[in-house]
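Below are two complexes that have chain A in common, paired first with chain B and then with chain C.
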Partner chain A sequence: MLKVLDSAVPVACWSCAVAHNDATLFCPHCSKIQPPPGGDYFSVFGLVPHLDLDLSELEHEFHRLSRKLHPDRFARAADNEKQWSLADTALLNDAYRTLREPIHRTEYLLKLHGAAIGEEHSGKDRKDPSRVPADLLEEVFELNMQLEEMRAARKMGETDAELQASLEQAKRKFDGLMDEVDHDLRAQWKAWDEGDAGARAAAQKAMVALLDRRRYLNNLVRDVTETLGA
Partner chain B sequence: MAEGRVVGIDLGTTNSLVAYMQGEAPVVIPGVDGSNLVPSVVALDPMPAGGGRPTVTVGNSARKSLIETPERVIYSVKRLMGRGLQEVQSELKLFPFRLADDVEVGEVPRIQLGELRFTPSEISAYILRQLKRNAERFFSEPVTQAVITVPAYFNDAQRQATKDAGRMAGLEVLRLVNEPTAAALAYGLDRAKVGTIAVYDLGGGTFDISILKLRDGIFEVQSTNGDTHLGGDDIDNLLLAIALDEIHAEHGVDLRKHPSAVQGLRKDAIDAKIRLSTEAVARFDIELPNGDRYQREIPREVFEQLIEPVLERTAGPCKQALADAGLTPEQIDEVVLVGGSTRIPAVRKLVDDLFHLAARGKKPHIELNPDEVVALGAAVQADILAGSSKSTEEMLLLDVTPLSLGIEALGGTVARIIQRNSTIPASATEHFTTGVDGQTNVAIHVVQGERELAADCRSLARFDLKGIPPMSAGLPRIEVRFLIDADGILKVSAREQRSGKAARIEVKPTYGLTDEQVESMILDSFDHAEDDFAKRLLIEARNEAETILSAVERAPQSPAWQQLRGEEQGAITAARDRLAQIKQGEDAAAIRDATLALDQATRRFAELMMDAAVTTAIRGKTMENAGEEMGDAVTAPHPMAQAEFK
Partner chain C sequence: MAYSDRVIDHYNNPRNVGTLDKSSTEVGTGLVGAPECGDVMRLQIRVNPETQVIEEAKFKTFGCGSAIASSSLATEWIKGRKVEDALAIKNTDIVKELSLPPVKIHCSVLAEDAIRAAIGDWKKKNGVAETVESTAAAQ
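What follows is the complex of A and B.
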């Protein structure tokens, strides 16, 4: 695993007063728990920001840190240590939840680097035609018509086997397109992790576009699944 | 802080238990009657003639009042914990309790019991206090810290209400642990250390399903789901409703108007349910007030058809939990059954179907008593928190929040900020601003649940951010941090970032007690003082001594006495005299020892009396009649029979 260099701001330990950098969860001198460190989710695990993570190593580190930080280990500690254990563990859990999931991890890293990532809200903008990827315009138009028909038929208590089959086929197609996006994203991970500043900027731009496309496809698939399962 | 013991408590809908870690194994602490289970029943004794507050009794002794004075007894109070007025009202359609007349919307509902009113937390506090006393009696030392279990699917308000109850009972609640997770801990102590397990927990009033991954002593919950309105009570109510309807239709008697008759019938319904777990048919045979008899056979097939809709309601949460964990039934290595209702064969069949167990040559785990396993797990967690024992030092529980946390956004929709099944503690930071120039307050509505509209979710609290420096609209930047702690309870803090000023937050929990209210409900706090503690131990020891002495007093009238050898009679008389004398002194431990000695001296006599009672019963009389003939000592549990002393 890539490790963070000792570059963070120095602060003094609350317990032994020896200086250490503010990215650490425990004092290197007296091992006491420290208030929540500054720095990003990657630094919680002692990592520099990168995308191609080893998930089993991440889990192992998560368990190791949980054993030391968890409030269960501080049930009878002084109030300040109790508070820090709670805050540090919340940070650890938030970090782990974000980093172990590939899409969340990518979004998080891009946001760290100033990219504006569309938030996934209750899908208000998903019908906005300007957001439809150009190569999918025709298919999406067709699909929306079929979804409307399907819902109308459902309401009347009718079943339309042909329509059902057609929707299922569309779902398979969009599932396949999602897989392609995921594959492309992974390729960009490598480009970002290993590239120089220029390559990173290019990879970043490509990933923002891929994440937009993925979000769009995801909403479509969800719509179809909901309509089929209703 | 004193490093006393930490006990584990299962505060159940039907029964409650307290357990502790005895060396490497968790053990349930019996009550004074020798029973491990304390029925979660609270009764108010009659008003004392001279005025003052009536005594509150808990457990088996309270259960006795159910038939005689049902208006002074409450059970299944867990169903009311942390609930609002409307929810409580709908619960009360099924339970014969009365709300206090003066309860207002927005207040914590109070239950009318005799001439007094109690919040659900206070009722639970009485149960907790009883368990605390049982533990103190057992250890002969004060117990002030506990782990208490709650259904995994309990929301914030229900958890807070449980913590409040602990405080009222004089207990520092070190942790709330989810019941299915506790059960997994109890099983995990001596089990293979790697695997994925599902815990199916169908108790008296709640249903939980949790899926956990075990690895190197870490119990990591993957997902949880459930229904806090589903349990054995629902099955009892189905049987009860049938009986009440049939009695009304066939005999023209409306028993619903007679609370004590309904209680009697409920007991029969429960007996029938229990019998149907082992037998093919159960019977109702009840004498009605008008002299008629209501007789009815319930074959198991009819029973299973009847309860199918109830059991089927557990399937959805199981499937959702699997989906949330990203697992198929085949990927579940073990299934653990928890809760008395899992004794029902139809429940076991359903679990088998849901997790494809038989098809894979597997069986659900039922090795630990389903009534006790949660308390045992709570004791394990208590030991982890105490941090002093080798057997649990490698163990750690990572639990999740069962429900998503959200904020009401424009248009009444919910912006989710912490997703369900997030490992706790978990946090989220949100930014808010003002909509009007000079605005100094911002109101935030926090909800819990999975629905799209805030109105369909559970309202947790309204926060009022006050003291925002007056600025142009949209300029203030208020950072609000939401943190769900290890008990699953929400904490909120806020800061205005431009001025750096900490915004003041006024929390109005939608259903909950204020700190001051909890303070005012703390049960008689004399429990804390060492002096009073010693006094109480002495009183309890004397009471126990008196119980056994009065039983022995009547012994010579029993035919069994004549069967004893002379020296056995002599030993009993000597032990009796010794206890009678020591009882006058102030040494609780000495009284205990003498009580135990008398108990041992009378053991063979008690056996002889039991034999005599059984023989009488076989001759065509009931045990109860036999008991009357022989004196109380026969049917009353031998007061010291199962209690253990250190």
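What follows is the complex of A and C.
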């Protein structure tokens, strides 16, 4: 669960009483374990929020912190330290799982900046036409029709080679479109990471639209794969 | 989450599923989608050119039960109405009729968009001046 405390707020270490930034898992002064810090998942790894992450560095840091936090190391520690090692480990795992996966990471960062993503979006700003991938609708609809036909034929024990070929072609096409979206998303990562406030706002908008498009494509590819594999 | 009886009724017995001839000048087609859940909805109307009454309405929706029920209800409501009267249907009317929960409100928005898009398409084909609202929805 994400805490939304301000990570810049200094807290006094429970052990040595020296003030430290709340985002840290261990006191920089006395090295003692700290209660689960506020702030975001990036700050757990000592990172500022950004999208073009070095994954091998992230993994390396994850393993290092995991070892340091491991409950076995706190077997003889005080009760509250034992609890913190469990809680910090859970937080670290959540943070790592979210940040290492590109789409989750992007969605997470956008949510941190107030974007409404996916199902949580209430439909209030649906009048914004940029949210609907209009060029896709026609194809999405056609493909759904073909999928329905294919399933109906299957039920009757028939196989339609032509339909099958057409679906396989569609799948390749949508896979390709998905690659394009991922490529565009990476370009927006850079724009966000390196941009000023204005460029960031533009990149955020673009990423929300790309993620919508991606969700569409992802559902389609899933449905086609399911139907073809049935 | 449980669907209301009205949703289940429309889902099990959807009214007016089907296709109208897209190329006919009397037919308007609205194709809309909801990026939130990947739903896609096509709603078509056939308008009597003399009376401007929507004589036929058909839909085809790929999506969840609420999306299907919303479009089914929408076709039921617009049939027999004059074009301008059909535009008066609001998504909140659909929400009320189907008792849609907050997370499914976007399904009703989609149905309203589909009505507007279909009417917008018909108006474009027939050179009818567009109202401000339907211009926005038809794009």
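Note that the second predicted complex is superposed on the first by the 208 of 230 C-alpha atoms of A that agree within 3 Å, B and C clash if a C-alpha of one lies under 4 Å from a C-alpha of the other, contacts with A are read in each partner's own complex, and residues count from 1 in each chain.
Just so we're on the same page, contacts are C-beta pairs under 8 Å (C-beta built on N, C-alpha and C of every residue); 3 or more make two chains touch, one makes a residue touch a chain.
Bear in mind that the values here come from a model prediction, so they are computed numbers and not experimental data.
Colleague: Mind working out whether A:A197 is in touch with chain B, chain C, both or neither, as first, second, both or neither?
Modeller: Neither chain B nor chain C is touched by A:A197.
Colleague: Applying the document's definition of touching, compare chain B and chain C: which contacts more of chain A?
Modeller: Per-residue touch count on chain A favours C.
Colleague: Does the superposition put A:M156 against chain B (first), chain C (second), both, or neither?
Modeller: neither
Colleague: Shared contact residues on chain A for chain B and chain C?
Modeller: The overlap between the chain B and chain C interfaces on chain A comprises residues 121-122.
Colleague: For chain A, which residues count as touching chain C in their complex?
Modeller: Touching chain C: residues 118-119, 121-123, 126-127, 129, 131-134, 136-138, 140-141, 144-145, 148, 212-213, 215-216, 218-220 of chain A.
Colleague: Could you pull out which chain C residues touch chain A in their complex?
Modeller: For chain C paired with chain A, touching residues are 31-38, 40, 42, 60, 62, 102-103, 105-106, 109-110, 113, 136-137, 139.
Colleague: Okay, in this complex, where on chain B does chain A touch?
Modeller: Residues 1, 3, 6, 174-175, 215-216, 218, 381, 384-387, 396-398, 413, 415, 422-428, 452, 483, 485-486 of chain B touch chain A in their complex.
Colleague: Looking at the complex, which residues from chain A come into contact with chain B?
Modeller: Touching chain B: residues 63, 66-67, 70-73, 75-76, 86-87, 89-91, 93-94, 96-97, 121-122 of chain A.
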